[in-house]
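All chains are identified by letter, namely A, B, C and D, in their written order; residue positions are counted from 1 within each chain.
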């Protein structure tokens, strides 16, 4: 019997190695795998490359991981948020590397990694600072930049419902980067609000099939008003 | 009298026909949605995988799982749908968004937009989806004040700030005027606030303003 | 009020021009927009480039369109089926052009067209006859072929349910190429078994959002056992 | 006595552990699914967007909207799901399929596979998803007769037919034997049908067969 459900956050994060590239789902706080990030902090892996849309806020979650000196580099589209104090200080002090990627390019680079595409062309960022050092090429009179696939060792994903095969559905805009990241990592770890019986998810509505999922852990995010 | 922020949003909203799919940048552009009546069906898209956003939720009915790109609570209207980030940006980058409205630091007479970084040495500028939207939407409009707070023109011959997108802006709504950006010509005044003279408008702009014949 | 629903097949196909590239959804007979193909035959456009997984069977549908001399070229992955008699004869007589594309490359080329990607690299077909004349390139020691986006003028799509905004869901494996093709064409025309009220489709399960759809026509395919 | 088609399918099926995601090519490979008991959860994928196929439907319960890549009626088991063609081939091309089993015209000792065209001048050969599967699956096995109907070896030093995929075949199930394809070495006999001698097997092969020490 295939059973990807694990019983603890510690088990979910076990084996994550120093130096890993870690994808972290979520956009704002929607779909952000907070409990998995806390568990990664507990777990201890360091020298990490973290990929997320933002560079953390306040002193919790990703920001806390950075504050502990465990993140070597961050790859994101929007490092400077209202309260990205930890990142900004580390960056000023030269203690963290930054790669800024346009948000759509970031999503597409991970989608490419999951789909077996090593590189693709996009018009996004052509003629801007973010295209510096990148190959450019013209197709039918328009200019494009070549972007490379972004593979990872680990993806941390927040889902709404999951079954023991690792099939996932998300909650509204909590979907965001999560399904894309799930395809791009060697080890995809999921926190889910609900675990359901195999067969309970609508086969037409499964947003991430279990083929992309390695471990599922149930956490209670306490949201009675949600579907 | 200069246009208020609401005036600017209302002017832009009035120019959006039913049926368009529209992405509104964070900040001032977001106000436009409030000025489009629900019965005129305009489909608002948000980068984070929301197509068909409705008005802000009633107080107490917010859900943290339903936000827009500015991280504000929103609702989904009937006919709306969710998708993941790569699918959402396929809509944007594939040319399926009829209109994107962004804020701006500068707009140049060739349609260049600068709105993400204030210098080449800007530490950690935040681009978000601006470059994807700037390059991918069918039409790109900008809503911004006509000048900076200290009076420097934001309507320019050539952008001084790092670019977001090249040659794609086709219209600018400022607090003083509405300008079209016409290829091979430059800025053309489409509308001007009551009490603002063309001379004053030109004086507050660092690019030649044309008028329709 | 947005209303993409049209009242007849003739209206659905109106304006399709000679010389158009036409994407035809379906895999086998599942998800194949049979009524739209018949309507295209009626409509009269010629000199067409047709893109489909197969090259038609028997003397109906796409095969009939070819038999009438209306198809200049076919782009497909599997031209020789059990009963692809029309195609085979036309091809032997040099009366139709053929471009064979691996099935995954075919899907990805249309996905790229819909996603603003003019070209991408894939390992598929490297070192084979189908890579001849294509640019090859090495990334991290592996060989890849460059493939170009496949844009179209028209897509013919079969859906199960649709609403007036053009949101679509499909029926099981009837989904196949349909959602991908819907994104790659200037004019996407849908035949659907059921039209439902706006808001009746689950927003988490819409497989093709209306943004990709121009016209919807209801047809009865008579399948009482289906969902 | 040579293996029957069912024997061959059963031998391959026995080598598939629980939890693998497996794509079976049309023809002989499809038979393998019947030899995997349902309680051993192997997830069968089909190119046309079906993940988690179950057994053939009962007569009268077929639905034309649920078929496999060979256009046969199938069912979906609990836990199965549907997706579109690009997503389906992302699974295949992105290396997420644990095993693909294809039929073959020829397999070479370096793992090359030819199974789609019988000559460079083949008019309109049909490739389907074979090249995607051949290049993309984590493991590629082939099920085929050991020789052609007129006795020509299909186990060869170098493929004569146009290639489908390069160097990716790692095992071949024929009606006479099971062969591993080992990099830098070539064919290694893993199993041989009762009553077939190694000499006979070698005589019916056009490449050197190795035996395990």
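One rule holds for everything that comes next: a residue touches a chain if its C-beta (ideal position, glycine included) is under 8 Å from a C-beta of that chain, and two chains touch if they have at least 3 such contacts.
All of these numbers come straight from a predicted model, not from anything done at the bench.
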Co-neighbours of subunit D and subunit A - touch as defined: C
Chain pair with more C-beta contacts, C-D versus B-C: C-D
Whole-Å gap separating subunit B and subunit C, where each centre is the average of the chain's CA atoms: 35
For subunit B paired with subunit D, centre-to-centre distance based on mean C-alpha positions, whole Å: 54
Intercentroid distance (Cα basis), subunit D paired with subunit C, Å: 28
Centre-to-centre distance between subunit C and subunit A (centres being mean Cα positions), rounded to whole Å: 33
Numbers and ranges of subunit A residues touching at least 2 other chains: 108, 111, 115-117, 122-124, 170, 172, 203-204, 207
Interface hub residues of subunit B, defined as touching at least two other chains: 76, 82-83, 86, 89, 92-93, 136
Category of the chain touch graph - line, ring, star, complete, other: other
Touch relationships between chains, expressed as pairs: A-B, A-C, A-D, B-C, C-D
Touching residues on subunit A, where the partner in the complex is subunit C: 108, 112, 115-124, 137, 139-140, 142, 144, 148, 169-170, 172, 202-205, 207
Parts of subunit B lying in touch with subunit C, wherever the complex brings them together: 18-19, 21, 39, 41, 43, 45, 51-52, 76, 78-83, 86, 89-96, 136
Interface residues, subunit A side, partner subunit B - complex: 27-31, 55, 77-81, 87-88, 91-92, 98, 100-105, 107-108, 110-111, 122-130, 160, 170-180, 207, 223, 225-226
Residue numbers on subunit C that touch subunit B, as the complex places them: 1-2, 111, 113-117, 163-165, 167, 183, 198-199, 201, 203-204, 206, 209-212
Touch list for subunit B against partner subunit A, complex: 46-50, 61, 63-69, 71, 76, 82-86, 88-89, 92-93, 117, 120, 123-132, 135-136, 162-166
